[in-house]
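In what follows, structures are represented as structure tokens.
In the two assemblies presented below, chain A is common to both, partnered first by chain B and then by chain C.
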Partner chain A sequence: MQALAELKDQIRKALPELDVVIGWQQGYDALHTRPLFIRSEEDIDKLVVNEFCVVNPSSYLREMRGGKKVGLVLKGCDSRSVIQLIQEELLNKDDLTIFGFGCNGVLNHAKLQARFGDIGYIESAESDGNTVNLVVAGNKETAPFAELCAEKCLTCSYPNTLQCSHFAGEESDKKAEAAQDKALEEFEQLSMEERFAFWQDQMRRCIRCYACRNACPMCVCKDHCLANSRQPKWLSEDVDVQNNFMFQMIHVMHLTGRCVECGECERACPMDIPIMLLRRKMAGIVRDVFAYNAGTNAEDTSPLMRFEVEEPTIEERH
Partner chain B sequence: MRIGVFVCHCGSNIAATVDCPAVAEQAKNLQDVVFTTDTMYTCSEPGQNEIIEAIKEHNLDGVVVASCSPRMHEATFRRALERAGLNRYMLEMANIREHVSWIGKDKERNTVKAFELVSIAAAKLRNNNPLFANKFDVTKRVLVIGGGVAGIQAALDCADAGYQVVMVEREQSIGGKMAKIDKTFPTVDCSSCILGPKMVDVAQHENITLYAMSEVEKIEGYVGNFDVQVRKKATYVNWDDCTGCGACMEKCPSKKNLDAFNEGISKCTAINIPFPQAIPKKAAINPEGCMMLKKGKCGVCAKVCPTKCIDFEQKDEILTEKVGAVIAATGYDMFDHSVYKQYGAGQYPDVITSLQYERLMNASGPTGGHIKRPSDGKEPKKVVFVQCVGSRDPAVGRPYCSGFCCMYTAKQAILTKDHIPDSDSYVFYMDIRSPGKGYDEFTRRAQEQYGVQYLRGRVSMIYPKGDHYVVRGADTLAGTQVEVEADLVVLAVGAESAKNAPALAEKMRISYDSYGFFMEAHPKLKPVETNTAGVYLAGSCVGPRDIPTSVGQGSAAAAKVMTLFSKDKLESDPQVSSVNASRCVGCLKCAKTCPFGAIKEVTDRGGNVKAEVIETVCQGCGICTVTCPQGAIQLQHFTDNQILAEVNALCQAQLDF
Partner chain C sequence: MSGSTGLLTEGQDLRIVGFLCNWCSYGGADTAGVARFEQPTDLRVIRVPCSGRIDPLFIARALLSGADGVLVSGCHPRDCHYAEGNFYARRRLEMLKQFLSVTGIDPERFHYTWVSASEGQRWQDVVTSFTERIRKLGPAPKMSGGTGYDEECLKEIAAAVSLGEQCPCHKEKA
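Let's look at the complex of A and B:
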């Protein structure tokens, strides 16, 4: 893969100036990658860039505040979270070197499992953004990309890394499959009662393991999360519908105008609760009301992070 | 905790639709409530004494009063608690009058809601902490915005009381609308003769600093300590040296500029002093008319000026002033009559506004006090006055009555007869509104003694016919349509809020209504105060006012300022935000969203960035508390825990009466 060779080359050149470069390496099988922390030349060859580089490497950044020079290999969606953190002055732009490339989308393990049974039988999977070629238990299979990819890739408008220092290979010309968020639209067709019943069911299943919070690159409060706070006490330790719902709503509210819809929360959820629906809804409201897309320009300020007597995008009385 | 609950009947105001004894009885079941009672008037002296005695007898450490809005009596009950030795913030009020008894008739449901509000208040009280006010110094200087008659009166009263006054006037001279008026109703005495001496007093008073041609750019700070930025607009004349001799005006070759003081009925030179009695009497160059400023050629004024005070390079200047109080007396503007296309307003030269007519009648006006038609300079023999132009007309978005037009129209009709004895005047009116001392007698005099024809009805259109005009309207008393021929038509235009009033209101952080008039703290009981401490109002910036009311309000606002300045120290409100440093992660999102710049960045001993609230600057709006993702910044007396307790109480309260 040309982009990968170029990436390695760029990282090799930049590495002497950097403390660490975060990327992906092959995991325990063909379908999994795990984070790679490149600290020396030997580590560079472990780098992989493929359809299973799902994890957002910027989630590791919040542990690294304090002047370290960090390199990051980022997909388009991942780069948005970094940009958003720079905007909020939680990261220093000068400490970061971003290596970008054109992404054709990532695959979703749950969808693979649903289609081919145990994913242990899948020996390899490659995609060009339109079709996926797989080897399942020795047999070659082909499937349309849209049926196996992560939900976020269907509506992705940023396949190329934004505001990066280095860009490897060719830009992806992948277009969003649908301008509208189909799943969200369908959900909103339901009546209020049906929707409420749906969320009650989902929230009943939530075990409040906080995997969604820990995977979220925008959850920067570390040990000070409101969910664990006794003073003020917003939530009880009870794992019931009310408290779970409250926690999820707090998470969404705290992401208003900040969420870059990277999908890490939903991917990390062990209970497969579709919490991205809530985030996509909120991001849509922010787009409608403030004409703002989180994490696309480091010079912007998120609409809820400033005070204006009159918002330019909201028609008020005159 | 030991809580006492006092449910007020407010005579029958509450008791008529709320079962007060039942609310008091049920409140006994609330957590930590040890004493409840219901009283006829809790705010009365016996009512307050009952609270004080109950606190002592039952050893209470918190009190819930279920009565009216806290805006009404919170201060009263807080004082009662202090008299009994409790901290004043250990009081909670449940508003069961405005929020319950006055808005619903169903006694059963009202009683349930009243109890719910009591249980919310009790739940919050359980989370209350005693709070203590800090004291801070007062800057005993006052800013008066606007130099009309209201502002002049306020400034003179404050200055006479010994306080320094900074007066900011947008125009070249103070005097406002009253300086343009010829005579005043109902005494028909000369307006500038009674206003002139007051204007001179402003100029000469040692305690008053006057900035004319200036606007307030920014107001920061809080009661007792405002930092004001004043933009002094470029006049291109060095006012320290200008003597107001007027030599420049005589020689200026650019003579066709809009004369704003004369309401556009005459032209003036590019360098100009608006009127002979102007204060300060200094010349200023209108950059739109000046050839030197536009094309770089001319400079005649600089040559003839005996004191060499012309400065074409002059720029706007920003001055800063520290004051302790602000009086807004920004007045009003005239309604733009040109929206009445059917009257030919702005099109026909002899259809003019009432203020233009004042200038025509004024001895120091462009015609020297001779009424002449703008079109041909002839003396009009038939003058028609049309009232309610831009007043009481929802079609143009002005449903309110401007209040003073009936009176000035009667005055103008009388003066017309005085100026031109063989003239006839007609007035189209909707109603004659003359509630004031000697006002109604005055309008009667216009009709009976001066023979002014009053026609009750609106005018539908005005059209030219030969060298005069025909005014067509209804005469609703006769039930017919009438057409009246006129040589001159005077439109009694209404008042609207001053230009840019909303922007100024936002600078002062006060509210304004949908028409742009400033809002009083209470329309009856606090007519010159605002909801922002230290900001007061006077005159027509609140709504149309006549001269006596404006002067009265000027003095009233001054009295409020003097009351404020009579104290050497003010108490700060402890209901402000405070940061729990151990929870703060130093993201400083609070600082970015704070509208008042009340949060600063500090570093703790460990070198960690933390937010810190500047208590005197914080207004307690609470935006920071909703911004902080950790809940590390809390608004005292409205903490997350207190609000959550209220919500929980509301969700749990389920009782049948």
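Let's look at the complex of A and C:
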């Protein structure tokens, strides 16, 4: 892949000035990558860029403190979280070097599993953004990309890394398949009672492991998360529907106008709870009311951090 | 904790929480009281220093705990005691209002509006029509697990209101 060679080259040149570059390396099989922390020349060759680079490398930033010079290899969607954090002055742009490329979308393991049974049988999978070519138990298979990709890729309008310092390879011309999230649209066909019942069932399954929060690149409060606070006491230690649902409310509300819809929360959830429905809904409202897409412009101000005296897009409530 | 320690006294059947700004609506409610306008008695008031102090999570918390309705009332836009608190509040509250539907909690159970200290009559109208609305909707559907709506939950929200910047989330910037 052209982009990969160029990326490695750019990283090699920039590395002397940087403490670390975060990207992806091959995981335990062809279908998994894991984070790569490049600290020396030798590490650079481990870098991979493919349709299984699902993790957002910027989620690791919050663990790093104090003026480290960090390089990040980021997909378009990942770059949005960094831009949003720069905008909020939670990251210093001068400390970051962003290596960008054109992304053709990432694949979703749950969908692969649903289609091919145990994903252990899948020996390889490659996608050009339209078709996925796989080798499953020795047999060649093809499938439309849209049926196997991460949900977020279907509505993605930012396949190219935004506001990056280096860009490798060609820009992706991948277009959003749909403007609206289908799953959300379908969900909203349900009545209020059905929706309530749906979340009761889902929240009963939640084990409050906080994986959704920990994977979220925008959750920066670390040890001071409201979920763990005793004073005020927002949540009890009980893992029950009410508390679990409240935790989701906390996550969604704290990300209003900040959530970049990267889908990491839902991907990380070990219980496969479709919590992106909630994030998608809120991001959609922010788009409708404030014409704002989080993480697309570091110079902008998030809508809840500003106001208009007259709000033409908010109906007056009597 | 059980739901039996709830706020409901005999004969009352609605659990409505009102977040009222100290400088206007709280006074408006008072004005209405002094003028002896008849008001529904179902409203449990939490006084806040400004509508801008209302974290939408206070409202979410009340609703998830099983409140049948939540009413928020602050100073009219341009009339905020702190100049701009209600402008921020308007944006936040609107987000919550539009969001609720996806959770299956009827957005009609939440209303926000503006009532000044002198508007006793308006306060009576607001609170009466909101109570009427909730009465029509009936009791909120029950969460299928949790401790539900009780004195404790309201106390905790009130405690959170009073914490302000001491809240741990203000302590550290990443």
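The rule is short, and it goes like this: the second predicted complex is superposed on the first by the 305 of 318 C-alpha atoms of A that agree within 3 Å, B and C clash if a C-alpha of one lies under 4 Å from a C-alpha of the other, contacts with A are read in each partner's own complex, and residues count from 1 in each chain.
The definition used in the following text is that a residue touches a chain if its C-beta (ideal position, glycine included) is under 8 Å from a C-beta of that chain, and two chains touch if they have at least 3 such contacts.
Keep in mind that what you see is a predicted model, and the values were worked out from it rather than measured.
S.K.: Do chain B and chain C fit side by side on chain A in the superposed arrangement, or is it a clash?
M.R.: Clash: chain B and chain C overlap once superposed on chain A.
S.K.: With the two structures laid over each other on chain A, which partner does A:229 touch: chain B (first), chain C (second), both, or neither?
M.R.: both
S.K.: Could you look at A:301 and tell me whether it touches chain B, chain C, both or neither (first, second, both, neither)?
M.R.: first
S.K.: Taking the superposition as given, does A:198 touch the first partner, chain B, the second, chain C, both, or neither?
M.R.: It touches chain C, and chain B stays clear.
S.K.: Can A:41 be said to touch chain B (first), chain C (second), both, or neither?
M.R.: Touch partners of A:41: none, neither chain B nor chain C.
S.K.: In the overlay, answer first, second, both or neither for which of chain B and chain C A:289 touches.
M.R.: second
S.K.: Based on the superposed arrangement, let me know which partner A:188 touches: chain B (first), chain C (second), both, or neither?
M.R.: Only chain C; A:188 stays clear of chain B.
S.K.: Touching A:256 in the superposition: chain B (first), chain C (second), both, neither?
M.R.: Only chain C; A:256 stays clear of chain B.
S.K.: Quick one: chain B or chain C, who's touching more of chain A?
M.R.: C
S.K.: One more residue to check, A:171. First (chain B), second (chain C), both or neither?
M.R.: After superposing on A, A:171 lies clear of both chain B and chain C.
S.K.: Give one of first, second, both or neither to describe whether A:221 is in contact with chain B, with chain C, with both, or with none.
M.R.: After superposition on chain A, A:221 lies in contact with both partners, chain B and chain C.
S.K.: After superposing on chain A, check 98-106, 260-268, 350-358 or 368-376 and name the one in chain B that bumps into chain C.
M.R.: That would be 98-106, the only stretch with clashing C-alpha atoms.
S.K.: Once the two structures are fitted together, what part of chain A is touched by chain B and by chain C alike?
M.R.: Residues common to the chain A contacts of chain C and of chain B are 89-90, 220-222, 224-226, 229, 231-234, 304, 307, 309, 317, listed in rising order.
S.K.: Give the list of chain A residues in touch with chain C in this complex.
M.R.: Per the stated touch rule, the residues are 62, 89-91, 184, 187-188, 192-200, 203-204, 220-226, 229, 231-234, 236, 238, 240-243, 245-246, 249-250, 252-253, 256-257, 277-278, 281-282, 285-286, 289-290, 303-304, 307-309, 311, 314, 317-318.
S.K.: For the complex, which residues does chain C have touching chain A?
M.R.: 55-57, 60-61, 64-65, 77-78, 84, 87-88, 90-92, 94-99, 101-106, 111-114, 141, 143-148, 156, 159-160, 163, 167-169, 171-174
S.K.: Tell me, which parts of chain B touch chain A in their complex?
M.R.: Touch residues, chain B against chain A: 506, 514, 580, 583, 585, 587-589, 592-595, 623, 627, 629-632, 634, 639-641, 644.
S.K.: Quick check: in the complex, which residue numbers of chain A touch chain B?
M.R.: Residues of chain A touching chain B: 88-90, 220-222, 224-226, 229, 231-234, 254, 301, 304-307, 309, 317.
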